[in-house]
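First chain A sits with chain B, and in the next complex the same chain sits with chain C.
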Partner chain A sequence: MKKIGSLKEFACTPDRFQGGHRLCPGCAHSMIVREVVNATDDDLVISTATGCLEVCSAIYPYTSWDVSWIHVGFENAAATISGAEAMYKALSRKNKLYNEDRRVKFVAFGGDGGTYDIGFQSLSGAAERGHDFLYVCLDNENYANTGGQRSSATPLGAHTSTTPRGRVSYGKKQKKKDLTMIMAAHGCPYVATAIPSTKHWKDLATKAAKAISTVGPTFINALSPCTTEWKFKPEETTEIADLAVETCAFPLYEIEDGHKLKITYRPKVKLPIEDYLSRQGRFSHLFKPENKWIIEEWQKQVDEYWDYLQRREEAGV
Partner chain B sequence: MALKYELKQKEVWDGNMAAAHALRQAQVDVVAAYPITPSTPIVQNYAQFLADGYVDGEFVMVESEHSAMSACVGAAAAGGRVATATSSQGYALMVEVLYQASGMRLPIVMTVVNRALASPLNIHGDHSDLYLGRDAGWIHLIANNPQEAYDMTLCAFKIGEDERVRLPVTTNQDGFLVSHTAQVVKPLDDDTAYKFIGEYKPKYPMLDTKNPVTYGAQTEEEWHFEHKANQHKALMDSPAVIKEVFDEFEKVSGRKYNLVETYKLDDADVALVLMGSAYETAMLAVDKAREEGIKVGLLMPRVFRPFPYNEVAQKLKNVKAIAALDRSMPMGTTGALYNEVAGALAANGQSAIMTNYIYGLGGRDTTVEHILEVIRETEKNAKAGKRVTDLQGFINLRGPKLSFN
Partner chain C sequence: MATPKEMLTDWDKVQFGAVLPAFEDPEHKKRSKFHSYNYSVADWRVEKPVFNRELCIDCDFCWVSCPDSCFIVEEVVTKRGKKQAKIVGINYNLCKGCGVCVEVCPTPIKSLLMFPEYVDNEEALKQWPKKDK
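And now, the complex of A and B:
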């Protein structure tokens, strides 16, 4: 496992994900990806689901990837990487590896659409089969690449282009699917949540290093605040991510062996959920008097979940 | 190191067992697959080979055919020999990824056991799945019996992996009629088979991490057309390699295959064009028709893609009337074989009278007598010097007579 030292040291790691890509200014994807791919000194083979990251990072004849990289489809990043990993095992067994002196690790990236929704079966299958890979979900809570439609990661009340607020609608009616816990329930040896953040950069880098060095299927659900669809200023990305953590809308934790839960950051004072929601245009309609109950419902769900996490951590189950 | 399998000079294998042994002998690095009738025994047989130590590659039993082909693409791009098997609905589920495999020029071998497509659900043999994958950029080889299923699968690796080709290949055998029908098969021994296929040297392996590569980039209007044209060129150029491989295969096996197979066609006035197990039924029908004095012969594209249109036209240049038999419902037009053959003739200025028959859907029996009837009808056209029968007929279809003109 790579030791994650100071920020200066970490920032000087040679980039495996190069600039010049076409992600939006202020997009969190590139921050998360750069931290993940630099969190190991092993060589990498990466698969990426269709989505913002994919369409913005490999537009022929250019590529941002300084590691081996493949994109096949929207729903199959996990199946694809499982095939590559199987080939690595087969060639190792047959003494036919291309570079005997290099150790290769396997990482898949997918957005919430490619992970929670259309790629869920592929991810579940690959996790069950026990391939040695890390899957990172870049969770921006909507189909940003196709213009901001709802996914099963979109939270309650959010305006999206397919759950628009309107005269008789307050946005998305359902709450966010708890994918992190579902992946833990697969018995994955390591599962974690993370955010792109100046304050918590080491939390993400350490989790990525740990996940990559763990043998077996590992999963990181990284909240990826989306300046374009969440409607906040590009320079506010990490601030919004920090607020998700400080309000416990998106708590930072990790789970080992499917059950040992550890909260990796505990806000000193849990901020009210309004502090998070009010900073994003996608929730602006919730602050109308008739939608007050939604904010109350949000707070209730956040409180219950935070309470649940703490009890699980205490109980050690 | 995988154990060698002691084979007899003559084995009694069905098509599924024949295909499974070919995969085993190819020492495939990764097989990723999902079971589906009637190809299921291929993966079951392969799993047993693995369990008994005859295979040392990875066998990944995934959770769907979509993931099977996706894992095959990931494995092939990683850099090694890859194969899978499927049928029908599974093939349909793979279609998206079939195009990705060929677009990335990954020589995956897929042994297809052809079966009908629902709805209505039907598990038996026809060519609906083969036709579905027609434009997917794969080479499609046709096997009419278990021996050919074995032979074509060995050849498929050598053709697809050739550096001049670098394309995925399917081998096709009819569901149940070939896949579950045991016949005598003369296999090569393990060493000869592997030596024939040879070592595979992937061109841009992802696992050569000292030289990272990007697979599956996006191309828009500035580049997409050039990439697809290159891919098409690779297919159009592949017959030269296919012929070479068939010639080499003849040297090790004594069995000769051609881009286009024919039966008693040299002096024929009437020709039937068809592929799959019915070709063998048609051989018997031809023999009987010749006893009746009808000069009839058969033609089959051994290679359905790339379609050997010049060879087809050349072989058919002296016939007066042709019936093309398609084992798939063309749904609103004439059958694919009819269209291909008609196009091939037109391109060469030939004008044999052509008709189309649809037969054998969902495993419907097609007998010698049925094909004999087609031969007699086609002869009417040859004798009249113009088409006097219906353009499209249906063989052994129940209910009121159906035909189109």
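And now, the complex of A and C:
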């Protein structure tokens, strides 16, 4: 496990995910990916599900990756990485490894479409089979690559192109799926949530280093604010991510061995959910008088979930 | 295995299982011309960040939050023998002008500020806000 010290030391790491990709200005995807791939010194094999990250980082003939990288379809990032891992094990059993003194780690990246919806079967299967890999979900709460359709990660009341706001509809009518808990229920040895931000950079880097060094299937759910579809200015990315944590809309926690829950950051003053919602264009319709009840519903759900996490941490189950 | 040059003869002659190597010479980390590091996204931006070395405290917040890894970092060894990253400048080929670095800069007078693209860097440094006395 790479020791994550101060940021000044961490910044000496040579970047393994380079610039020049065509992600939107201010996209949080590349912040997360950079931190995750820099959080280990071992060789990496990476598979990426279809999504913004894959499309923008590998426009032919260019590549942004300084590590081995496989691009696969929407549905099988986890299946591919588990296949690569199985082959690596088989080769090491037969002493046919190319470079024996180097250890190889396996990481898969997927958007929320490729993780929550389409890729869920392969992720669930890979976790059940117990392959040694890390799956990072870059959760931007919609299908941003194809024009902002709803996904099962989209929260209540959000405007997307398939759940538009208007006279009849107030946006998405269902609440967000809790994938982190579902992955913990698979019995994964390490499951965590993270955000890209300067305040919590160490949180993400240590979680990534821990997850990569843990043997067995591990999962990190990283919130990735999307400037294009959430409709805020590009420079506010880290602020929005911070607000999601400060309002407990996206709490930071980790779960070991499928049950030992630990909250890694507690906001000193829990901000009202309006602070988070009012900064994003996709929620602007919720502040009309007829939609006030949705914000109250949000607040209720957030409070209940935060309560649940705290009680679970206390009880240690 | 085909070299990148052979693969790029025609769009309809792309080979199956084509490999696009990040490095031409992996030993010395010499990046091939197909590495996106050698691609320019400079025409995306309207405003550019300008870096003021004199005000910088090397907190490296901009390095960690830059989505395009465009901060050039130099490794310095301190008196206590610790490795430390020193921000040297900005790679304007990779910068898209999102402004995240300016937002996260913690110094009282920011050491990074956004200026319009047409302003010269030296001109911008002269226009920097001064400390209140």
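What we mean here is this: the second predicted complex is superposed on the first by the 317 of 317 C-alpha atoms of A that agree within 3 Å, B and C clash if a C-alpha of one lies under 4 Å from a C-alpha of the other, contacts with A are read in each partner's own complex, and residues count from 1 in each chain.
Methods note: a contact is a pair of C-beta atoms (placed from the backbone, for glycine too) under 8 Å apart; a residue touches a chain by one contact, two chains touch by 3 or more.
From a predicted model like this one, the values you see are computed outputs, not experimental measurements.
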{"item": "Partner chain in contact with A:Met1 - chain B first, chain C second, else both or neither", "value": "neither"}
{"item": "Which of chain B and chain C A:Lys89 touches, first, second, both or neither", "value": "first"}
{"item": "Touching partner for A:Trp65 - first (chain B), second (chain C), both, neither", "value": "both"}
{"item": "Which of chain B and chain C A:Glu235 touches, first, second, both or neither", "value": "second"}
{"item": "First (chain B), second (chain C), both or neither touched by A:Val45", "value": "first"}
{"item": "Overlap of chain C and chain B interfaces on chain A (superposed complexes)", "value": "58-61, 63, 65-67"}
{"item": "Touching residues (chain side chain C, partner chain A) in the complex", "value": "4, 7-8, 14, 20, 22-23, 29, 31, 34-41, 44-45, 58-61, 63-70, 73, 75, 82-85, 91, 93-94, 96-100, 102-104"}
{"item": "Touch list for chain A against partner chain C, complex", "value": "7-12, 14-15, 17-23, 25-31, 34-35, 57-67, 196-198, 201, 227, 233-239"}
{"item": "Touching residues (chain side chain A, partner chain B) in the complex", "value": "43-45, 47, 54-55, 58-61, 63, 65-73, 75-76, 79-91, 93-94, 96-99, 102, 104, 121-122, 124-126, 128-129"}
{"item": "Interfacial residue positions of chain B with respect to chain A in the complex", "value": "29-30, 32, 56-58, 60-64, 66-68, 70-80, 82, 96-97, 100, 205-210, 212-220, 223, 227"}
